[in-house]
Amino acid sequence: MTTRDFIQDRIDHLDKRENLLEIRNLKKYYPVTGGFFKRTIGNVKAVDDVSFAIRRGETLGLVGESGCGKSTAGRTILRLMKPTEGEILFEGKDITRLSGSKLQKARRDFQMVFQDPYASLNPTQMVGDIISEPILNYEKRNKKELEQEIKTLLKRVGLPEEAYYKYAHEFSGGQRQRIGIARALALHPKLIVADEPVSALDVSVQSQVLNLLKELQIEFDLTYLFIAHDLSVVKHMSDRIGVMYLGNLVELASNKDLYKEPLHPYTQALISAIPEPNPAKRKERIVLKGDVPSPQNPPAGCPFHTRCPVAMEVCSQQKPVLVEVRPGHQVACHLY
Amino acid sequence: MLKYSIRRLLGMIPMLILISIVVFSLAKLMPGDSLSGEIDPLNTSPEYIAEMREKLGYNDPLPVQYFNWITGFVQGDFGKSTRFKIPVFDLILEKVPNTLFLGVTALLITYVMAFIMGMYSGRRPYTLGDNAIAGFNYVMLAIPSFVAAVFAIYIFAFQLNWFPFAGSVDILAQEGSLEYYLSRMHHVLLPAIVLGAMSTASYTQFLRNDIIENSRKDFVRTARAKGTPMKKIYNVHILRNSIIPLVTFLGFDFAALIGGAIITETIFTYPGIGQLFLESVTSRDYPTLMALTMLLSFLTLFGNLLADILYGVVDPRIRLD
Amino acid sequence: ACGDDDGSSESGSEGGSSDGEPQEGGTLVYGLDAPPEGLFSSAFYGIATDFEVIELFDEALISYNENLEPEPNVASWETEDNKVFNFTFEEGVKWHNGEELTVNDWVFAFETIADPDYDGPRYTNVQTIEGAEAYRSGDADSISGIEVVSDYEINITFDEARVNNLTNLWAYPLPESVLGDVPVAEMSASEWVRSTPIGIGPFKVDKIVPGESVEFSKFDEYWNGDVNLDKIVLRVIDNSSVVGALQNNDIDMISLQPVSGPEVEPLENVEIVTYPGLTYYYVGFKLGKFDNESQTISEELPKYQSKELRQAMMYALNRQEWVDAFFFGYADVVNKPVPSSHWNSADDSELIQYEYDPEKSKQMLEDAGYVDTNDDGFREDPNGDEFVVKFSHYATGNPTFESRAQQIAQYFEEVGLRSEVEMVEVNLYYDMVEKDDASIETFFGGWGTGTDPDPSGLWKADQLWNYPRYNNPEADQLLDDALDIEIVGTDQEKRKELYVEWQKIVNEDLPMLYIAELKEIKALNTRVGGVEYDVSGQNSPAEWFVTE
Amino acid sequence: MASSTTITQQKKPERSLSPWQIARRKFVRNKLAMISSCFIVLVTLMSLSAPFLAPVLSPLPDISKVNIGAMNIEPNSEHLLGTDKSGRDVLTRLFYGGRISLLVGFSATLMVIVLGTLVGALAGFFGGMIDSILMRFTDFVLNFPFLVFVIVLNTILYGIVDSLWVLIIVIGALSWGGVARLVRSKVLAEKENEYILAALSIGCSPFKVITKHLLPNVISTIIVQGTLIFATMIVIESALSYLGFGVPQATPSWGNMLSSANEPDVLQGKPWIWMPPAIIITLTILSINFIGEGLKDALNPKSLR
Amino acid sequence: MTAYGINESTPLLRVKNLQTGFKIDGDYYNAVEGVSFDVLPKQIVGVVGESGCGKSVMSLSIMQLLPNGVGKIRGGEIEFEGQEISKFSDKKMNDIRGKDISMIFQEPMTSLNPVFTIGYQIEEVILNHEKLTKKEARLRSVALLKQVGIPRAEQIVTEYPHQLSGGMRQRVMIAMAIACQPKLLIADEPTTALDVTVQAQILELMKGIQEANDMSIILITHDLGVVAEICDEVLVMYAGKIVERAFVDDLFSSPKHPYTELLMKAIPKMDEDVEELATIEGLVPSVINMPQVGCRFANRCPKAMAECLTVTPQLAKVDNRHEAACLLYEESWPNGEKRERQGAATL
């Protein structure tokens, strides 16, 4: 079976596979403190009532502008933070309220790849230690064996064996990102949340990492939550895409549907704003007015109505909910 | 900002109360009292001492003593110095102008010197001049203030005879006359330089490094791209940024200088708060000691507040409310 | 009476090389090596430094000669029984504010000091006046023993006849004209005491910079003759700067600490003058414990009860060497607890000299049973137990104290007594010594005495300040007798005999090891003249002068 | 073909330098810091070997003994730095004094660093309530007038505990506030780095996150701060001793050796007594500062990237 | 240098064989090596390339804003309006900077001085070059802010940079850059730090201003999409050298240099589904170990030949609308030396 066949096969079977992760009404508010006594004087509603599910083996992409709550969502889902409200079901088990050693145990199954390849590796650790640490956190292992295993893993992500003895500062961004991926893979997790894994990388390196992630998915039957602000990257990677705006999921659709027929005005603007690297295909662009409002006091009603070119009366009063307007295509907009 | 200041001032109260309790307990825990040093058959009798102990309330239960002290304290009655027999308030008031003068002069010297040297070094890093200034500053930083004071007296007062070695003013100068103020200046200069030397050195280096760091900032490149001359960039763009941390030090200096004056004033026999403090320790003058300690604590807290307020004033990015 | 071999050359010595003709005018700079506390009233001051300042602008009604015998100054007196005294004041004596001095100012002083609100330490000097106690307790409106005859004449009756009633009596007037309206409780803090004090001396205070300097100027209406100087400026300078200040002609005269002596001596422009002081140092033994309630010695401590041990320890000390090393010749070895300048001091020929003699010391220790039984190089006590001389000394910032104490301990070690030095912070030290703290076994001390030669307060068994807890009824009786007017009358010779007798006893008993008495040292710039010192202090500043 | 050889050379497997090794290299290359280190090592060695050196260097090696016959001797061939007012050899005392000054400085520094790091790391890492409580307490310690506390505590504990340790404990207990704040802010900053999040996500316990990930990255700051504090502690010790509130007089320390400058005869007349300690204190502080600067340079995380 | 293209007007800026080096451990290493190009009036020239390939250094060289004492122009000429400016003193450059040539930078967050008001910072550039009163300058800056589409301009001038969002700050930077109607604007990655929707706004704005003010722009970016959107001509840089130069349409329709080709294939496209993206293995060599002979891309190039390591290709016209520096094209061989085919020995 060629890779291509394999992928086709995977996509065909996706619909039939069960949900690996299910998010229900997830909210994450950061308290804003002020005054001498550090009272909470407000909330940053970084993630505000988001629900979706990811099937085993699927890649769900999350896009949105900076500050819209993508990372927060990712981190909350992995329980690196306590959600304010909502439920997170992993393989049907509720992990929302886990804590302490139970949570630690559960973490085996979901890992993260981080955005900043420079800040996400401990500069005082040898690469070998960085990658073997997760394993040693859960199992007692023979040192020699483990080293061999790590070296194999290093090779798998495209790094030389010698990297084992080096320190992160000796690697380029792309290589560091590979180390980060190897660390995430070390435990053979079921879910990987990749939080803008390529946004700090050059185009040429970006493609290497994207390719690697795709290969690994097939090889290890991984499930990805892939976060990025670059729609084309997300589209390249994902089976389905969620578009976030100001803490809200405004549209969720399959890769193809979203590009062919974006329903939400924000998604439309987002797609049209992407510079087209082909002068022959220059298109009409929807240029939005103004900036993203502060999540600390988001506009009432639809969060997008302040910038929306087709805003209506109702948009400023009522917050639209995510509804399935086509099969597999959900959108939160009063137009539908 | 006013609201902020008031809130902060109110916030100091618990801290001050806590400190007052500790100060009081410590004073009470100290062996001996102000009368144990007074044993001298020329002047005193054991009966007198016993009587004075009773009269001064040293025999009351501790909570009562504390309560009496603290209630008096908040009403501005700091008690009576057991040594000088006058209200501590008056005693402190008498010394404060000297210390203030010393402190302000030291600050002035510190800041003026630091600015001159720091800006020079910052503009021309790694040159001969910069290295010379850095060398000088390292030595200044390394000499503890008491060593510096001893050296300064030895060299400038005795060997070179440039400065007086003691006192705050020449008694012969007529108060209010020019000569009087010159004399005060002359007396305060050496201790002020010693007192300010360490800060001068560290501020100079700080300013230098900050200027160098700021001169690498993007906004400097922007200013250059606008065609702004280098000189103006240094004197306006960079300096304005480098001043911010330096100005906020002012708040901390405020208390630190008075604390630092303890040694300097003592060595230079400069009659101020610091000297008073040390003497009140040696002579077990608890009312004075406690009042001064509270004063220093308050100044420290106040200095912190001042630093924060100054920060808000000089740095537009900080908003206090 | 000062029968020291070299005493005469020093007592009554005159300062300054320009002892020629007194000159009019000029300013003298007077140095103080510690800041005064600012209580510039004889009734209120607490430390000697303040008194040094007071002496420059005020004087006592009675003065003392070089034998510490009272002499008339403003007041002259008559008495028949040492109980009732009749005093007559000079007329025309002016306070600095222009008011005339009368006996009422003295009465005012008595009443102030005897007032219940009085917070100074001088009540003992008034207590003996008849009716003072009643006045103090509020039972009487006035002191019954005081009878004002006229503005210039006053009779004072004491509660009983004592030989030292006069020397003990408070002899400074207080200016009623300025302090009369001030409540006694507020007096010590009043500006009349602190910033604008007045007196009757040859100089008046112009200005005071607290803790730093005082400016005096000539008082034109001074009662007792001409005043030479125009001004005296008193400056406070730090100890460490004294030598430099003298060298630079920044100060004209100052009291020196012995340690500065050798530094100042070579200076061309400065002359050193010494005169006998009233302070002596000793090493005390704790022989018992004092009970404050009953005012008696309640318990005897065994460790140092052996007189032979104490004497042996005395012989072990090379006091001359010690004094030379730490006082640079500005102190003399003594064998008695009475300053040599006092008229009642016993001549050395009558006392055991305790010349340094380690061999004798060792022999005496052997004889007393202190032998080294376990060959550790140190002696054990007669019971064969470890014997350690625990020697306590007060500690201040001055490092010399530690060396001094260490050296004394070394002397003991040299005769085979294991010694330990403990330095105790000074405030704590006197508390511990006074309270007979168990950790104090032998201790270093110093006493200064006043003009009154009576040592009772420091030596009798019922006195708190008898720190060694020396308990010898025979000796106490001698002290009582010497004050008993029935026994001695007004005969000074008779008194002296009793005191000498007493000194012989304590010289032999050695409840403390007498070490040395200090000389007072003054440094004078050579341009200063007319200054004289004796054991009673300096002559009147009126006679001082400077040449340019 | 120069380029191809370099390529092959680069590919040669070698165990590479850890950030610490890089820092050490940089430090060793820093001349001033190296000279300073040598000086400090020398001073430390001399202090440590004082009991052995003293009999060689001085005819009066016992510093506890007063030598009444050898007081105030000017420097000569026998007493290289002269003797002091108690007839004790100044050079010998200088060595012994170093023991005390360095011991006090070092122990107090250790205490300050340990306490400060503990409080700062806990407050910074856990935040919230723990942070608030710890930081209020730190404020309290910081706001306390240091000198009073030291003097008073030192006086109170006098005689109860060995006074040297009293001093160390008192200084240490009162000086950690600054370190705690620094460590806290550093931890807060470092905590923002994703590798801490990564450590959590790979299942490290909070304890492990602090000790294995956070502290190693904060430690360079702590080390640099530690050197500077070491200098400060030596100054504090000598200043207190100078004022008579520190080490008891019988034990020589640089500070109380210097305190003899307070005496009227010494400052002017016997400079050999006070100048050596003054100079050695200054040189020591200077060296420590240079070492601190060197370490700061060498450990600068920017140079790792 | 071969002039190519159809536009016959004289260039506004002509860079010839520019070499800029950095002092590292006492030695100079060239970060820009022999770069030559023209910018014609009213032209938008895009510069693309991977991070570290020398784009910023090149633009800073033109402005003479290289870090003092570290960076230095070591050779070549920079002609602006016929004047050779590369040797100008700082003082003389100050008359040009901000007036004739201005520049905006990547980081709108840090490029503004945090302690001065927006108004002050815009006025500064005006007052640097024109004799105006403060008041006039203030009016002008308000007008400029309005021009770049900032609402509440009158109020914004009194505010500080931290009170503005990233997009607004970049607009302020643009306002500052066009305050004196410069003839050339150098924009060093002006939109990289911004969100896509904001980026679109800013690009729109720049394009509009360019047309209104008749200025030329050198637009530096690593985003080929941005180049395609607004540039007329493109320079592709690799490791300090220009490897390809072409009009935008030509570059995208038929890239000549393998590097450009790979770069374009590496970007995921919205409208195409490729399972695997093209990649360029290896890294841009650092300035310290830059190969001195041969093609600098050779060790990463899938089409590399043996000669690529020994023969340094020259930027030359490979067809009439295209310049490239690659030995695949005979024109790139030095001295017009024809390539001697040595079989298909690829590395």
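Chains here go by letter, A, B, C, D and E, matching the order in which they are written, and residues are numbered from 1 within each.
The working rule: a residue touches a chain if its C-beta (ideal position, glycine included) is under 8 Å from a C-beta of that chain, and two chains touch if they have at least 3 such contacts.
All values reported here derive from a predicted model rather than from experimental measurement.
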Count of contact steps on the shortest path from subunit C to subunit E: 2
Smallest count of steps, each to a touching chain, taking subunit A to subunit C: 2
Chain of greatest Cα-centre distance to subunit D: E
More contacts between chains, B-D or A-E: A-E
CA centroid of subunit B to CA centroid of subunit E, Å: 55
Intercentroid distance (Cα basis), subunit D paired with subunit A, Å: 48
Mean-CA-position distance for subunit E and subunit D (Å): 52
Touching two or more other chains - residues of subunit C: 238, 240-241, 244, 247, 396, 425, 428
Touching two or more other chains - residues of subunit B: 31, 150, 153, 158, 266
Two or more partner chains touched - positions in subunit D: 155, 158, 243, 261, 267-268
Complex contact set, residues of subunit C against subunit B: 27, 35, 37-39, 44, 46, 48, 119, 121-124, 188-189, 194, 207, 209-215, 233, 235-238, 240-241, 244-245, 247-248, 250, 396, 425-428, 430-431, 434, 447-450, 457-458, 463-465
Partner subunit E, residues of subunit A touching it in the complex: 3-4, 7, 65-66, 172, 174, 202-208, 210-211, 214, 229-233, 235-237, 259, 269-282, 285, 287-288, 291-292
List of subunit D residues in touch with subunit C within their complex: 64-66, 68, 71, 85-87, 155, 158-159, 243-244, 248-250, 256, 259-269
Subunit A-touching residues of subunit D, taken from the complex the two chains share: 13-20, 132, 193-195, 197-205, 208, 213, 216-217, 301, 304-305
In the complex, subunit A residues that touch subunit D: 38, 75, 78, 80, 104-105, 107-108, 110-112, 114-116, 118-126, 133-134, 137-138, 160-162, 165-167, 169-170, 180, 183, 186-187
